[in-house]
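So, here's a batch of structures to check.
In what follows, subunit A forms one complex with subunit B and a second complex with subunit C.
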Partner chain A sequence: MQALTREVLLDRAKALFADGTVDRAYGWKRGEFDYDVTPGLFRSVEEMEKEFVFDDFCGANFSKYLVEETRKGEGKILVFLKPCDTYSFNQLLTEHRFDREKVYAVGIPCEGMADVTKLKAEAAEGIRSITAEKEGFVVHTLYDGDKTVPRTEGLSERCLVCKSKKHVAYDELLGEDGEVADSARFDEVARLEAMNADERFAFWQRELSRCIRCNACRDVCPACTCETCVFNNPNSGVESKAPVTSFEEQMFHIIRAFHVAGRCTDCGECSRVCPQHIPLHLLNRKFIKDINAFYGEYQAGAEVGSRAPLVNYTTADLEPGEAVQRGNEHA
Partner chain B sequence: MRKIAVAKLDALFAAMAKTHTVYLPADGADGRAQYTRWEAGVVYSTALNTVRSAKDFFFPQTENLMDFKMEGKSIELIDTRDEGEDFIVFGVRACDVRSFDVLDRVFLAEPVDSYYAARRAHGVIFSMACTRPAETCFCKTFGIDAAEPAGDVACYIDADTLYLDAKTEKGEAVLAALGLEDSDTAAVDAQKALIRERLDALPLSGLSAAAFGGDKLDEYFERPEWKTLSETCLGCGTCTFVCPTCQCYDIRDFKTNTGVRRYRCWDSCMYSEFTKMSAGQPRLTQLERFRQRFMHKLVYYPANNDGIFGCVGCGRCLSRCPISMNIVKVMKTLGGKNV
Partner chain C sequence: MQRIGVFVCWCGSNIAGTVDVEAVSEALKKEPGVVFSTNYQYMCSQAGQDIIKNAIAEHKLSGIVVCSCSPRMHETTFRKTAAAAGLNPYMVEIANIREQCSWVHKDKLTGTEKAIILGRTAIAKVNLNAPLTPGESPVTKRALVIGGGIAGIQTALDIADAGFEVDIVEKQPTIGGKMAQLDKTFPTLDCAACILTPKMVDVAQHEKIRIFSYSEVESVSGFVGNFTVNIKKKARYVKEDVCTGCGLCTEKCPQKNVPNEFNLGMDNRRAIYIPFAQAVPKVATIDPRYCTMLKTGKCGVCSKVCTAGAIDYKAKDEYIEEKYGAIVVATGYNPISMEKFDEFAYSQSKDVITSLEFERLTNAAGPTAGVLLRPSDHKHPKTIVFVQCVGSRCSGAEKGKEYCSKICCMYTAKHAMLTRDKYPDTDVYVFYIDVRTPGKAFDEFYRRAVEEYGVHYIKGMVGKVSPQGDKLMVQASDLLANKQLHIEADLVVLAAAIEPDASARPLATMLTASMDTNDFFTEAHPKLRPVESPTAGVFLSGTCQGPKDIPETVSQAGAAAAKVIGLLAKDKLTGNPCVAHSNELMCNGCSSCERVCPYGAITYEDKEFRMPDRTTRMRRVAKVNEAVCQGCGACTVACPSGAMDLKGFASAQIMAEVDAICK
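For the complex of A and B:
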């Protein structure tokens, strides 16, 4: 259950529409079922009253949508940002990807968002409805009665290892701000590092072989905002709609991870949207963990305008040879 | 109608494998079902459906078409097709079986796609009735009966017994060679009644496609709702790639060391470079691309195919779309009370 109700957010949105602060708002739209919430752009209070929803299924991060939407119209856009979303928001600002003046950001606390796949796995095929109770998610199934999934088992992986409950960007905050958490998010990376090279290769081959090259990971990623992606550009010479070989799909993901290294805030959207449930965030987290180890703790998006270690030079920087040597220790 | 004990499934698959390569849904390392080549130890999955559809068997995501070998000024065309082998796809759900009809009308119409036709000729479909349809299922909307799946052989699992009902000569030939025990239809008839009861109780059971069809172009093309429906679409290809009926592809040349390999791969109308020509992409924004996909399923396809819809209600896009936008929401938004 979230600390704030839909009504608190809706009342604030109504006031911001009414006093002319904003003329449209990004928010979550009610779906066909309890869990299939769609991120949407609302243009009026009436639309919001009808369809706006805020609950445990509102994982979508709106930050990237601002890149295109702020180019339209003169008015401001209201956007609700959960703590992790604010890091993407700041990172996009650091990269000058949208006009801050066109946005009114309202920070909202987050108690973690559900992973519907986990709930579906618990409830076999049919879900009639889901209610979030204190003891967990109560899944009312079509064929097997009610099943209670403890909250810690129904939340998304990224929420179970939440890196921060603190908002790093907002115009106003609803509810309480939290703290940067002492997260266990690198444990899984450490487990992969402990493998030998063959085991690790086998792990990634098994995971990445499921890829269908739908590009959802790239298209949702707030760090992937190239106007035309190299893989969509016929003039790039590497345009590719589908992999010719399985090696190619591995290359796609590894190249993408390199491209967002140092800019990825670890928002986890890539893994959330992957239809094949490939743990893509682990590639990004490996880079984050290495950057922390080699150049000192750095969190992309923590502040606007920060110089990321990979695009900065200091005399204390690690010598390339030393990086190679440390890399070899994991081989 | 024939039958065999579920406990003897492995023996059944082994017998089939003597003459055919057998594919069936099996749970992968990620715990979710995908079509897998049967070999000893592969266990038939009880999952309702696979993440990827069964269209891959006839229309794979990438497929080599031919090679060109260049020497001096001469170009040699090499047909790289192999002979192909007889295969059985076991456990295909009624929705996916219908998707083969949808694909047939495209690939088997003149000029016949010989690559697709060869695979269809080699394939035998064992369908499986759905005793536990999910909330995302809406095959009934398109006149599909999950209690009476089509295919070459329709299968039913009731308690400890698998029942097999040959629907075509091809299916009968395969079954006859397996030497199975004959059975009456009592258990299957009871199951069909149960399935139909469950289909009627699904949340989407009332969804009607009557408001759509080949004559509805003018009614829907310029509707303002396309804007809000498509506004947050990421433009990824998830819906098209998990869809059992999406059939668009691109043909590409790949430079090898000795020549050129021509292959085709799935394409998606959601992509910005889809059908890009020298004059550019005819659908300039995501609104037009999004509209194309749903109009194709609900209007253009039926217009060209005797009123048959290009959607089979499998529900994969309902489960997989990153923004949970899908054909049901589109139908309800555009069709209003008529849906």
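For the complex of A and C:
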């Protein structure tokens, strides 16, 4: 259950449309099923009244959409940002990827979002709807009646280890602001680090071999906003869709993790959208964990204009040899 | 497609000994783009260069590959050769088949195979080379000398005498450095102050030299010919231009118990002080760590007695930004800490001292007014033991240094000789590993100590010094007589190893100048470019580069000055055309490159782009100032979109090289 209802958000949106503050709004839109919420751009109050939703299935992070949309038209865009979304928002501002003046950001509290895949696994077929109730998520099925899943089991992994309920960017805040959490998000990385090299290779081989190179992870990633992606650029020599060899299939994700290293805010969108359920966020988290260990705690997007450790130099930086040595200790 | 010529050099037998040069030139003939391939005994010779020039004309070559020594040796030679034949010099690539091939392989088959691969790699790169034209940048005709010891002083004087402006930054309140603390100098035994202070005065009076004393370098940006340096002038709480140096304040200050650094803490000075009589500038400085006025706001004695009104308790650190064409590092040395050498009881007895402390004990301006007295009870020591190599030549270097500190043999001979000369009733022992005296009139000097002055030189090391009553029991081995010695000494003098000043490491980082593992600055070439750092425009003077005595320091200081003068005499410097450039179509304008650029060469502009659907779009894109870019390539790896690339070292070229190696 979210702290704020759809109506509270909708009323605020209506007022912002009415006083001319914004002429477009990014919000979550009803899909084919009520748990199939998709991101949507609304151009009027009427459209919002018809299709805007806000419930426990609104995982999508709108920050990236602002890169393209702010280049269109003169008016401001309303965007609803959950605490984790605000980090992506700031990171994109740090990279000068959109014009802050063209956005009206409304921060909204978040109680965690559902992992639809986990909930759908409750019934092989005939799911009518899924609702978030006080006692947990209730899966309403045609043949087996209602099934209740405790909230802690139905939430997505990134929400279970939520790193922050604090908004780091907004023009106005609806509801209460939270605090940066003491998250256990690196536990899974530590488990992988504890494996020996062969086990770890087998783990990633198993996960990455399922990749179908649909590029959904790249398309949704707020750190992936290059004007011309190397994988779309015929001149790059690596433009290709489907993986030709297992080597490519592994390298694609590892290269992408390097590409977003130091800029990834750990929003977890890559894993949310992966149709093959590959835990891609773990690659990024490994980088974040190492950056923290090597250069001191750093959270991308915590503030605008921060100098990320990987594009900065201080005399306190560790020597490359030390990094290699620590890497070898984990090998 | 390029028309490439390949020229394989034998380098006499240097290459041809382990590489089948004929096979290499034959194999490389078949590579894509190659239209001509040959080999010759000495490609760098006039005849070899003529082969290249003729081939360029005859075969209409558009690029050449020379398989020879390291590009550090002859890249410039072959670029000039190409230019003379009308080919753009940046269409030349060197395959290093000497240092990286023939010299490291013994087996001719392996060597030949690798030489072919290296040649193929260079061919792959030159296939993607494009002609480049270097730009020019102006030269700021002013030099900065960091450190005001004898090295800095000599360098500054030589540069200034050639007519260029020089600034000296010295972190102490006065220039003079270590030499000012010395008593006599070997091998001529003239008084250090008598030969140093005239030079200090010359510096002070020179119209081209400015001294920033009690100052430190805060930051350095820019590049050869165009450095911008931020200098922090620490607050000395005395107006430099008002203080007359009368010294009244230093006599009246009630805070009397401040350890005097100049005498290495063997006596005290006041909280307001002038380091020594001949200090330059002769200006008082308040030590904020001890001044009661600065700490509690109650006192003000110095201000009351100062007739010139020079005291300013409210003074703040000042920052000065200045531009320089060249920077000379002259940061000097310090004796190492004796902490780890407690077998010599340095911390247990006041009568175990370092050689530099011995200098002060024998100096007329020292704590004992030049009379050799023991620090503990002010008695004349009758038996003195000198211990050589304390912390020098330590194998493994777990507590000392692996290198020889170079000056200790000579100054110990000097100390021993002077002691015997002044106090003939004193027994003087010197324990040594070896006596090293390679220098003009050095060995004669040492022989005199032994033969004329009767100093007991004993080959062997002191194992332990233990204080017993007012004596120091010295246990040592005499290696030549093969016996243990027990000497009852009154004074033990340790020849402490010297190490670079602690300020050198952070300074090297600011200057992007390289250092060795001992924190000595590295020279561009140990034999052929000994006073230049590998970083263009940064020069080395004195012990910051390695242990040196005064004559060597002064000659190196002059050499560094000559190099600086050579640089400052130029009006323009030819730049390096291998600079970064941004592909605007791919640039995200994210500022990553700007953040990593050490030279501030990248700016951003909003630019209009036509889109495929015929609309236009304003985008922020990176722009490289080619005159400022030094081609380090940091931006190319920081760029997330791959828009940044380096001319002459494009990612595509490097990938082609890697592919060629892996083929």
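To be clear about the criterion, the second predicted complex is superposed on the first by the 331 of 331 C-alpha atoms of A that agree within 3 Å, B and C clash if a C-alpha of one lies under 4 Å from a C-alpha of the other, contacts with A are read in each partner's own complex, and residues count from 1 in each chain.
Going forward, contacts are C-beta pairs under 8 Å (C-beta built on N, C-alpha and C of every residue); 3 or more make two chains touch, one makes a residue touch a chain.
Since this is a predicted model, take the numbers as computed values, not measurements.
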*Please tell me, clash or fit, for subunit B and subunit C sharing subunit A in the overlay.*
fit
*asked:* For A:T315 in the superposed arrangement: first (subunit B), second (subunit C), both or neither?
replied: second
*With the two structures laid over each other on chain A, which partner does A:S236 touch: subunit B (first), subunit C (second), both, or neither?*
second
*Touching A:L142, do we find subunit B (first), subunit C (second), both, or neither?*
first
*Check whether A:T225 is in contact with subunit B, with subunit C, with both or with neither, and answer first, second, both or neither.*
second
*Would you sort A:H96 into first (subunit B), second (subunit C), both or neither based on which partner it touches?*
second
*Greater subunit A contact set [subunit C / subunit B]*: B
*For subunit A as apex, the angle formed with subunit B and subunit C - C-alpha centres, to the nearest 10 degrees*: 120
*asked:* Can you report the least C-alpha distance between subunit B and subunit C in the superposed arrangement, rounded to whole Å?
replied: 7
*Once the two structures are superposed, pull the subunit A residues common to the subunit B and subunit C interfaces.*
228, 233
*Note which residues of subunit A are touching subunit B in the complex, please.*
31-33, 36-41, 60, 65, 120-121, 124-128, 142-143, 206, 210, 212-216, 218-220, 228, 232-234, 239, 241-244, 272-273, 275-277
*asked:* Considering only the defined contacts, which subunit C positions touch subunit A in the complex?
replied: 506, 509, 585-592, 595-596, 604, 617, 619-620, 638, 640-643, 655
*In the complex formed with subunit C, which residues of subunit A make contact?*
71, 94-97, 225-228, 230, 233, 236-237, 259-260, 263, 307, 310-313, 315
*asked:* Considering only the defined contacts, which subunit B positions touch subunit A in the complex?
replied: 28-32, 34, 47-48, 51-52, 61-62, 132-135, 198, 201-204, 228, 231-232, 234-238, 240-242, 250, 252, 254, 263, 265-268, 271-273, 276, 318-320, 322-326, 328-329, 332
